[in-house]
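Each of the two complexes below includes chain A, the first together with chain B, the second together with chain C.
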Partner chain A sequence: MDLGKIFSVSLIYATFRSATPIIYAALCAAITQQADILNIGTEGIMLTGAFAAVAVSYLTGSWLLGVVVAMIAGLIMAMIMAVGHIRYKAEICAIGMGINLFALAITKFLLNSALGKSGTFSEPGIIAIPRVSLPFLAKVPFLKEIFDNWCITEWFVIVLIILVWFVFYKTVWGLRLRAVGQFPMAAQTAGINVNSMKYRAIAISGLIGGLAGAHLSLGYSKMFTENMTNARGFMGVAAMYFGGAHPILTAAGCLVFGLTDSIGARLQAYGVPSQLVLLMPYVVTIATLAVSMASKMAREKKKKSALAKA
Partner chain B sequence: MNVAVKSIQKILLTMLLALAIGALFILFIGENPLEAYGALLRGAFNGKLKIGTTLASFTPLLLTSCAFAVAAKAGAFNVGVEGEVFLGGITAAYIGINWTFLPAPVLMIVCFLGAMTVAALWALIPAVLKAYYRVSEVCVTILMNSVALYITSYLVSGPMSAGVANAQSLPVTVNLPQFMKPSSVNAGLFIALITVVFMIWVLNKTTFGYKVKTVGTNPSHAEYVGISPKKIFIQSMMLSGALGGMAGCIEVLGVHGYFLNNFAAGLGSNGMLASLIVKNNLIFAPFMSFFLAVLKSGAMGMQQSTGVPKSIVDTITAVFIIVATMELLFQFKDKKNKKEKSK
Partner chain C sequence: MSEYVIEMKDIVKSFGNVHAVRNGQFTLKKGEIHSLIGENGAGKSTMMKLLYGMYPIDDGSIRIHGDHIPSISPKIAIEKGIGMVHQEFMLVNELTVLENIILGFEPRHGITIDFDKARKTVEQYINQYGMDIQLGKKINQISVGEAQRVEIIKTLTRGANVIILDEPTAVLTPQETKQLFVILQNLRKDGKSLVFISHKLNEVMEISDRISVMRQGNYIGSVSKEETSPAELAKMMIGREVFLNIEKTQTKPGEKVLEVKDVWVSGEKEISKIRGVSLDVRAGEIVGIAGIDGNGQSELIEAIAGLRQVEKGSVLLDGKELGGLSPKQIRKAGLSHIPEDRNTRGLNRSMSIKENLIAVQVGEAPFCKGVVRDDKETLEYAKQLSEVFDIRPRDPEISTQSLSGGNAQKVVVAREVSIGGKLLVASQPTRGVDIGAIESIRKILQEVKAKGMGVLLVSADLEEILSLSDRIVVMHEGRITGRLKAEDANEDNLGLLMMGGTASAEERGSTT
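After this line comes the complex of A and B, so read on.
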């Protein structure tokens, strides 16, 4: 086995490439988490977005329109969840799973009835999100391999991470959002409309989730498959836990999964059975999640014992 | 009793609403909903084979819905039943193929025990992570489902492969007897029914059941009266896992006779649906499982005789669950009544 071939420069971009859809999903989950809502429906929102993006891009020939419609589709799914959870007091896990199953079913149904395909939809008519080539990097050896030919949404995710971080920690809105999540009663006393804040958080989460799906189907790949998210939404939720809903830490967590994924893909060339390669990101996700939660608990215990001594 | 009547009422209303939304979808693609639903019922009940098929798909749902409900009683949201079904199935297949030195009846029992043990141990992982480290069991169990699927898929296409084109294991040497041939309904149906009745008894009439329900409704109170919430949480998750493993064992020994790759797809999530719709009520869950089984097995007939794709059935069940989880949806009448009373 040639380790040099596995850990080459191109691994950096490969890691980032497979992490990007998960980063979007994790940001989708992080926003609602700040308002103390566990967004289990991330997976479903993302899947709907993925389908809408491909369908619209195929039918209209415009990737931008596809992305916009995907975000609206994500918004609709998120609002079903929001109304169910906030207005009708549905348990968030239950309705989140409901949204996931609904997304799985409705995309399959529309794939069969509207597009007349089953399983996979991959036509040349699908217009993918364009990639950006950077000609001025053409002569720089390492940077060219890392930064050239990124998809627009791959650049955008970096903007989005910083934007979400800025909104959370540097704006009044973000402060209010976190207040709603940490102590709703206090927030209400301070004159914040808790429910409206929660609605807004879920709505924005839906938009980002839809974008996550659009990136998955039009940027990361150029097709739609039944259940193509393949638990990426849940990996996003796991990464969100890992980063404590902090956008930058969360994104860092996603890179770990991306790295596993792309190392696995390279190992496959050396005769490692494909199923074992495919299950690696899941195992790594569970392990990282467990370790991060355990260490978080240990930290909290330490804090408490310090308090007791004082 | 009034409470029970009300919840049945709510379930029926929800069911109607879900079917109505499903009808809208069918109209949307230009088909006749009544015709489609008629074809669905014919597909589920018309003839011995079809009734048998419905009962055969009812069997695992009975167990998986019960498995989900048992975990839910202790406050766990166990999405991992599907993975447990897979691992129970592969264990049953392994024992059923290789341990032929045992006499058949013993081998059968060992298959069940093995499947249930492995599945329970699988459920132990998320249970411990949740109880001791507060790791979201929803997240972990979902991811573990994929892991279980890939492990079994690896085993049947590699070490345990039968060497045929499909990824499947060799046939097992013991089988649960099938009645109502040519459908695949088998003695597992009765095992499942007895198990569900037994679980209802355990949860409602034993100390363990009381402990589980106390932990599920109020862990602090449980701790206060001397019940360890962590221990009970883990035990009920393992019990849930064992039920899932049993479902896998029945599928392998009764329906297929070998381990077929990806055979349990949807068994766990449909069981979860059935249980969630009836708010994890163990007595209603079997009826809901039956309703879902009818939808599932009728769907094929509907697709063949009308132009409606069978994925509409999944859509209807998903709408069903979304509507059913909304606690306050059909309470507008109550509010009116209360207002009138207070006047």
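After this line comes the complex of A and C, so read on.
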């Protein structure tokens, strides 16, 4: 086995490339998490977005329109969840799983009925998100190799990470969002409308989730297949836990997944069984969650009285 | 312009079946410190939360600066210049002090927060009132006293001229309380109007201009500090029950069944709420613990029952050390326990009378054969107890949800005294029940004692303590301030001890 070939410069981009869809998903989950809402529906929102992007791009010939419609589709899915959870007090995990199952079914149905395909939809008429290289980077030998020919949404994810960080920690809205998530009563006594903040958080999460899907189907690939998110939404949620809903730490967590994925792909070339390689992201997911949960448990103090206060 | 900054008239508020406020009246003058006092559950906090718009009122009217306000939300209250320092601090642990202070009223710089301006404004108030606050720290890094000052600054920066403090001293050390009082007096000097909610009478007498008393959701009256005394206030707070004349059964106390030796226990909010309590109970006697609610009685009982951890010291039941035992093991060792709150601890309100009656013996013969419950046996037993203890309606199959307070409490009492332990801990056994039930429950306690059980009785009702106990210990702020024989005790000397005073020499001489 040639370690030099596995750990080459190109591994950096490969890692980032596989991590990008997960980073989008993780940011989608992080925004609601700051309002203390576990967005388990990230997977479904993303899948819906992926389908909408491909369908619209194919039908209109515009990738930009595809992305916009994907974000709107994500928003709609998220709002179903928001109304169920906030207005009708549904358990968020139950309704989130409902969204995931619904997304699987609706995309499969529309794939058959609207686009007349089953399984996979891959046509030349799909217009992908363009790839660009930054000219000044192209002149530097080492960086050229890393930053060559990136998809627009791959550039944008870096902007988004910073943007989300800025919103969380530097803006009025972010301060209120975090207060709502950590101690809603305190926010309420400060005159903040807690439910309205939660609605907004879920709405923005839906937009980002839709974008995550669009990137997956029009940027990362150029097609739609049934269940193409393949648990990336859940990995995003796991990474979000790992990073404590902090955008930068969360993104770092996603890179771990990306790295596992790309090393796995390379190992396959050396005869490592593909089943084992495909298993790796899930093993990492469980390990990540175990580590972050254990540290969270340790932080939480034991209740002093044997019974919770009524 | 009205004489009053705040006028609350004929306020009514219920939560489900609980009448938190039945008849609430409150007025506040400009530049006064007005204390609102009453026992736990008297409705004082609810009154102020209604004023702050935390919940809507069911009936009555609220005027602020003479304007009638039909519906209040915290936002409107803040705009009208009302600030509230809640009993449970409304501070977000993970945010900094400064972020907490400006939350909801952030000075802006476009969409971002203008932290420089925020810091300048806040520092101005800090300096004006000479408070010690570190703005850059997170809430979980500062002391309770400092957190409270943060809450006060928070109301000031939001432009409050009326500040409500809900039991502010409950979580403070005596030194911190002194600091707080200096701050409060400075605020009054600046023309702020303050509402001070408390049940600690000595503090109320120290800080207030006027005092209003509430009892069981009703307004009792208002007095100015000069015209009243702690004893009068205590009487207003606790009220006189109908005298329930019960002949004390004379028994000869036997062996010690409970020994509490130098026990220290934490409370919900303060470490070492109980500091070094020692007492014992013998077989065939009733020992009453007198004290104003919230002076550590609940924590002591929970510690004995194994529901709360003992910091240090030891508790022995019938000579057996209880440290480290689970509540169930302690019951096996001979404890019967009537908890102070029948709704959350005494009963499972969604289950039937029958099921509640066998709740502590559910896995045991004859109610259980192997792993199968014996319903017939259970029903038989329940019918018998319903008869003996006069639980109405006489149908053990119905849910306890629909029972009146008195009958619900009888279910708890019936269960606890029928298991035949060595010690009965009865915590507020007649709180919130009708006169008839009070009488029968008191009789039952006498019978239990005559049968040779030791009884530890906790009650905020002095009448009850005096009419039932053979010996009385008085608790104040987590310590025992007096031990008296029943024949030496009266409302006056107990009242004094309950307020932290000391017994006179002759009474001390007669302690057991």
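Heads up, the rule we're going with is that the second predicted complex is superposed on the first by the 288 of 310 C-alpha atoms of A that agree within 3 Å, B and C clash if a C-alpha of one lies under 4 Å from a C-alpha of the other, contacts with A are read in each partner's own complex, and residues count from 1 in each chain.
Note that contacts are C-beta pairs under 8 Å (C-beta built on N, C-alpha and C of every residue); 3 or more make two chains touch, one makes a residue touch a chain.
Predicted, not measured: the structure shown is a model, and the values here were computed from it.
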Touching partner for A:A252 - first (chain B), second (chain C), both, neither: neither
Touched partner set for A:M235, first chain B, second chain C, both or neither: first
First (chain B), second (chain C), both or neither touched by A:F183: second
Contacts of A:A294 with chain B and chain C, given as first, second, both or neither: first
Which superposed partner A:S113 touches (first chain B, second chain C, both, neither): first
Partner chain(s) touched by A:I286 [first = chain B, second = chain C, both, neither]: first
Broader residue contact with chain A after superposition on the shared chain, chain B or chain C: B
First, second, both or neither for A:L11, with chain B first and chain C second: neither
Chain A partner contacts - residues on chain B that touch it in the complex: 25, 29, 77, 79, 129, 133-136, 138-140, 142-147, 150-151, 153-154, 157-158, 269, 272-273, 276, 309, 311-312, 314-315, 317-319, 321-322, 325-329
Complex contacts: residues of chain A adjacent to chain C: 170-173, 175-176, 178-179, 182-183, 185-192, 304-307, 309-310
Interface residues, chain C side, partner chain A - complex: 52, 54, 73-75, 78, 84, 86, 88, 90-95, 99-100, 102-106, 108, 111-113, 266, 268, 302, 306-309, 327, 341, 343-345
Parts of chain A lying in touch with chain B, wherever the complex brings them together: 38, 40, 80, 84, 87-91, 93-95, 97-99, 101-102, 104-106, 108-109, 112-114, 118, 230-231, 234-235, 237-238, 241, 273, 275-276, 278-279, 282-283, 285-286, 289-290, 293-294, 297
